[in-house]
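In the two complexes that follow, chain A is the common piece, with chain B as its partner first and chain C second.
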Partner chain A sequence: MADDNIICRCEEVTETEILQAIKDGAVAFDEIKRLTRAGMGHCQGSTCSILVDNLLRSANPGITLHKHTPRPPLQPVKLEAFVKSASGSQGEANE
Partner chain B sequence: MEYDVLIIGAGPAGLTAAFEASSAGARTGLLDENEHPGGQLPKQIHKFFGSKRHMAGMRGYEIAGKLASKAFEAGVSFLPKSRVFNITNHSSYKEVAYIYNNKVKVIRTKQLIIATGARENPLAVPGWTLPGVVTIGALQTMMNIYQVLPGNRFIIVGSGNAGLVVAHQILLAGGQIAAVVEAQNQPGGFAVHAAKIARLGAPVLTNHIVTSIKGSQKVQGVTIAHLNSQNNTFTMDADIVALAVGFHPAYELAQIAGVKSIFNNHFMPCHNQNMETSIEGIYCAGDSACVEEASIAMEEGRIAGAASAAKLGCLNKTEAHVKIAQAHQYLNKLRGYNKLNGAASSEQAAIESKTLTAAVAGSKALIRCSEKIPCNPCVSSCPAKAISMKPDITGLPQVDLAKCNGCKTCIAACPGQAIIAIDARDANSCKITIPYERYPVPKPGETWYGTDIHGNKICKVQILKTASRMSFDKTILVTFNTAREFALKIYDITT
Partner chain C sequence: MNKHQYDYIVVGAGIIGCAVAYYLSKQSSKVLLIDKLFPAAGASGACNGGLSYLGKKGELLDQAVESLLLYKELEKELETDLGKDQKGQILFFSDTPEQGQLLEEIVNECKSRTLDAKLISGTKVMESFPYLTGSISAGAIAGGGLQGVVNPFKAICGFLKKTKQNGGMLIRNEEAKEILLQGGMVYGVRTNNGEFRAPAVVVCTGYEIDRLLKPLGLASEIIATKGTVLVTGKSKMKLKANLLYAGFLENNCHSKVNLALEQTLDGNILIGSSAENSLGKEIDNQITSQIAKTALKSVPKLKNEHIIRIFSGIRPTRKGGPFIGKIPGINGLAAAFGHGGMGISLAPYTGKYLAQLLTGRG
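On to the complex of A and B.
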């Protein structure tokens, strides 16, 4: 793989940056996320977590992988959507 | 409290779970981010494998319609265009937050079934972010939902069923397959799918990998390397590269709720025999539990639906137990197939020459299906009961040539397009009938070419007739005349 190959497209984190984080001692996706911002973008790591795990595994064969921690909101939600729902009645069915 | 059972995801697992829960009497809701139910089924234009119980032989989009109307008739309320972004677990209920019409909504449910399907695996070779690199599912959506063929010359990376099926559909849509590139030494998907594209001349490069994708601004080609020989790399032109390198469970919603994961090649949610996860009252089903296929998703949905209804007391325990046990029996059968356990080519050759001999007395069916895949529409379609499969659905189909009356019903019924009929009553020539599903459609009287197993033209054939019936579901049966010596060598026809 080329050094400038992008692994996390949302945050434009390259393979070199991920490998550097692994060299610096990161052993789980969540650690790499905190060091590089990989997985903190629009898709919440749904694409790059697999790629980062593969890089972790090839750098440390036999490593126990840890699933990345997704956090709400799982999908991008406009603040406007929260405001709108606060002004309407909660829990109403789809109209 | 709004629902007894709420299901997220209206694919084959979610629809089946919703039907089970609702018909047991639970107030059942079904959420999906799309406008229409069916999950990935609406873009599946090919006939499905499997058994009658799972609607095999029908095209995917028709199965979606059938499952949805069954669920709606059972009283399921469908919440379309709703994207769930959070789940919180409380002692007596779960709270689900979603966006609908750009508003945040929150509903409560006693039992929650997560049937959110799978996500496609990425492949980060250099150049993978160029425009023109797509995943195979996205490509299928463009072609079969939006009727857009995004390029002319395609490279497919990976030859699992998804790669092979979409490669075939690209050919039907008028695209060109430069190559299907496969790292293993044989195609990963069903042999009948591989045969369909092979006989249209599409090359599957086994033992090869794509090492980089080339182009400035957009895809212009790929570099391919042979795995078993050094210094053997070459380039190939293409304007679309489709990544078909597998799927993984998309179960982040379950994770947010606190469900534990296990790792087995991919991460997946922990669940028990009832599809209940590590959190009581939260179930998973279908590809979000483990990536398999639609028939398995339906059975898992049935289990989750019945188990959740039983927990609420809507379904009595014995009835639920019987339902779940039966679903597990089907799951075992569906998972029991063994890819390379088919008839040896010598056995198949013997079957073919025996069929040709028997065809002197009249038209006989010849099945070219040599893998023990869980699929039996040929058996259930035969009015003469001439096709059998032992010991069960994963056996190989066998034609009793004495019973076969040449009615050709099985040809259109086979989802793999792997059955032809041979009529050798004439001493010099043979009439062959094949299934046909593309353009142009041959007309009686025309002269076409017969092609071999690799798509090479081998002889001229005279088109005798074409037949299409409602029950064939858009498959056309084309009958042509050819010299006897080519009878067993022709696999398809071309202009």
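On to the complex of A and C.
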């Protein structure tokens, strides 16, 4: 749809797709994420989770929303950084 | 007629429960599926979606092959894009002679069933997976056609779509609290919101199964085994096979990290994995760094890949392999649990087998 709104910029998920997921019965951001990939891209839902929650609220007045399951890292981090961050801590001793 | 009366109630909308509900719905229009949260909220939504048989033995291997054959038909049957690619190869690599022995065993298991699997030299392993470095002693590889990946969410959506078309129903936020029995027979399920009635109940609640079975005096022998996976952004690297370290085949697999690499159709690389004795869903930083270290040791080229997400899920592991069937001594009660890391691979088989067992048809 040409005039559709993009909700998740990272994965290019549109408002229509989110609304369809809600119509199909989705009740939580984490479920919509699984259904549409909204929130699965580079920023991990920092922007779109709020928009998705708003769409869920307007479709289901009075809904109690499930808490999101936040996953680390807060922003993309190079793989080798995870090794370095554990240097000198127990991570080394466990080898 | 009571609107809460069904032919079958399936508890748990992970991939197993959804497959069971789908195959039951082909025989009955009164199937109810309930989940305490929403579909794929647990382990099915926190896994790598791998389809494999290589590495399994005996009955479990037969079940896996049967299930992967079913996946080949399911895309058409469910009229859903499952994000499936069954052309992938599974490659185990080893660096000790003892592991070489284990590789030989799993390859022989496949060969005795005329499955296309073979032992290969360390050099051949490097050819099949050019990013790999280190002293590789041997490998085992099984070809495409059956193995690869499926998108578990899409598979679940497909099962649910057809279940609904067949007259079945899914209710979210409905937590089963108790299996209702009278005179050794099941008559329903009590939930946080009320009661649902059916002469047959199938419990598919993963590692949480004891909550429903224990009060009935049953022991599931489930060991919850947490796994952690690191996900990269869409990568320029192109993995030619799903790579697994032969350490996975060793029996003492607790609190250990073994390398598993897999690339999704979108290009993200999943780097795993661990087997942790924990029920916590939070990420353990020590485990994360062990996985990173293990991955970089074997595949140094990964060092510049950006990790965008780290997730963990809890495998419902059972020593004797999965239980799929009727619960002896209780009329109308059936269950499917203990699939460990094989839930996605085994879901179609589990659903079809249980539906046949319960309906006597199909």
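Everything that follows uses one rule, which is that the second predicted complex is superposed on the first by the 77 of 95 C-alpha atoms of A that agree within 3 Å, B and C clash if a C-alpha of one lies under 4 Å from a C-alpha of the other, contacts with A are read in each partner's own complex, and residues count from 1 in each chain.
Assume a contact is a pair of C-beta atoms (placed from the backbone, for glycine too) under 8 Å apart; a residue touches a chain by one contact, two chains touch by 3 or more.
A quick note: this is a predicted structure, and the numbers were derived from the prediction, not measured.
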Touched partner set for A:Thr47, first chain B, second chain C, both or neither: first
Touching partner for A:Ile7 - first (chain B), second (chain C), both, neither: first
Contacts of A:Glu15 with chain B and chain C, given as first, second, both or neither: first
First, second, both or neither for A:Ala59, with chain B first and chain C second: neither
Partner chain(s) touched by A:Thr69 [first = chain B, second = chain C, both, neither]: both
Touched partner set for A:Val77, first chain B, second chain C, both or neither: both
Partner chain(s) touched by A:Arg34 [first = chain B, second = chain C, both, neither]: second
Shared contact residues on chain A - chain B and chain C: 44, 69, 71-73, 77-78, 80, 82, 85, 90-91, 94-95
Complex interface listing, chain C residues touching chain A: 37-41, 45, 153, 157, 170, 172-173, 230, 232-233, 271, 281, 283, 285-286, 288-293, 295-296, 302-311
Chain B residues within the chain A interface of the complex: 2, 77, 79-86, 97, 99-108, 119, 121-122, 124-126, 128-129, 212, 248, 250, 252-253, 255-256, 261, 263, 266-267
Footprint of chain C on chain A - complex, ascending: 25-28, 30-31, 34-35, 40-42, 44, 66, 69, 71-73, 76-80, 82-83, 85-86, 89-91, 94-95
Touching residues (chain side chain A, partner chain B) in the complex: 1-2, 5-7, 9, 15, 44, 46-48, 50-51, 64-65, 67, 69-75, 77-78, 80-82, 84-85, 88, 90-95
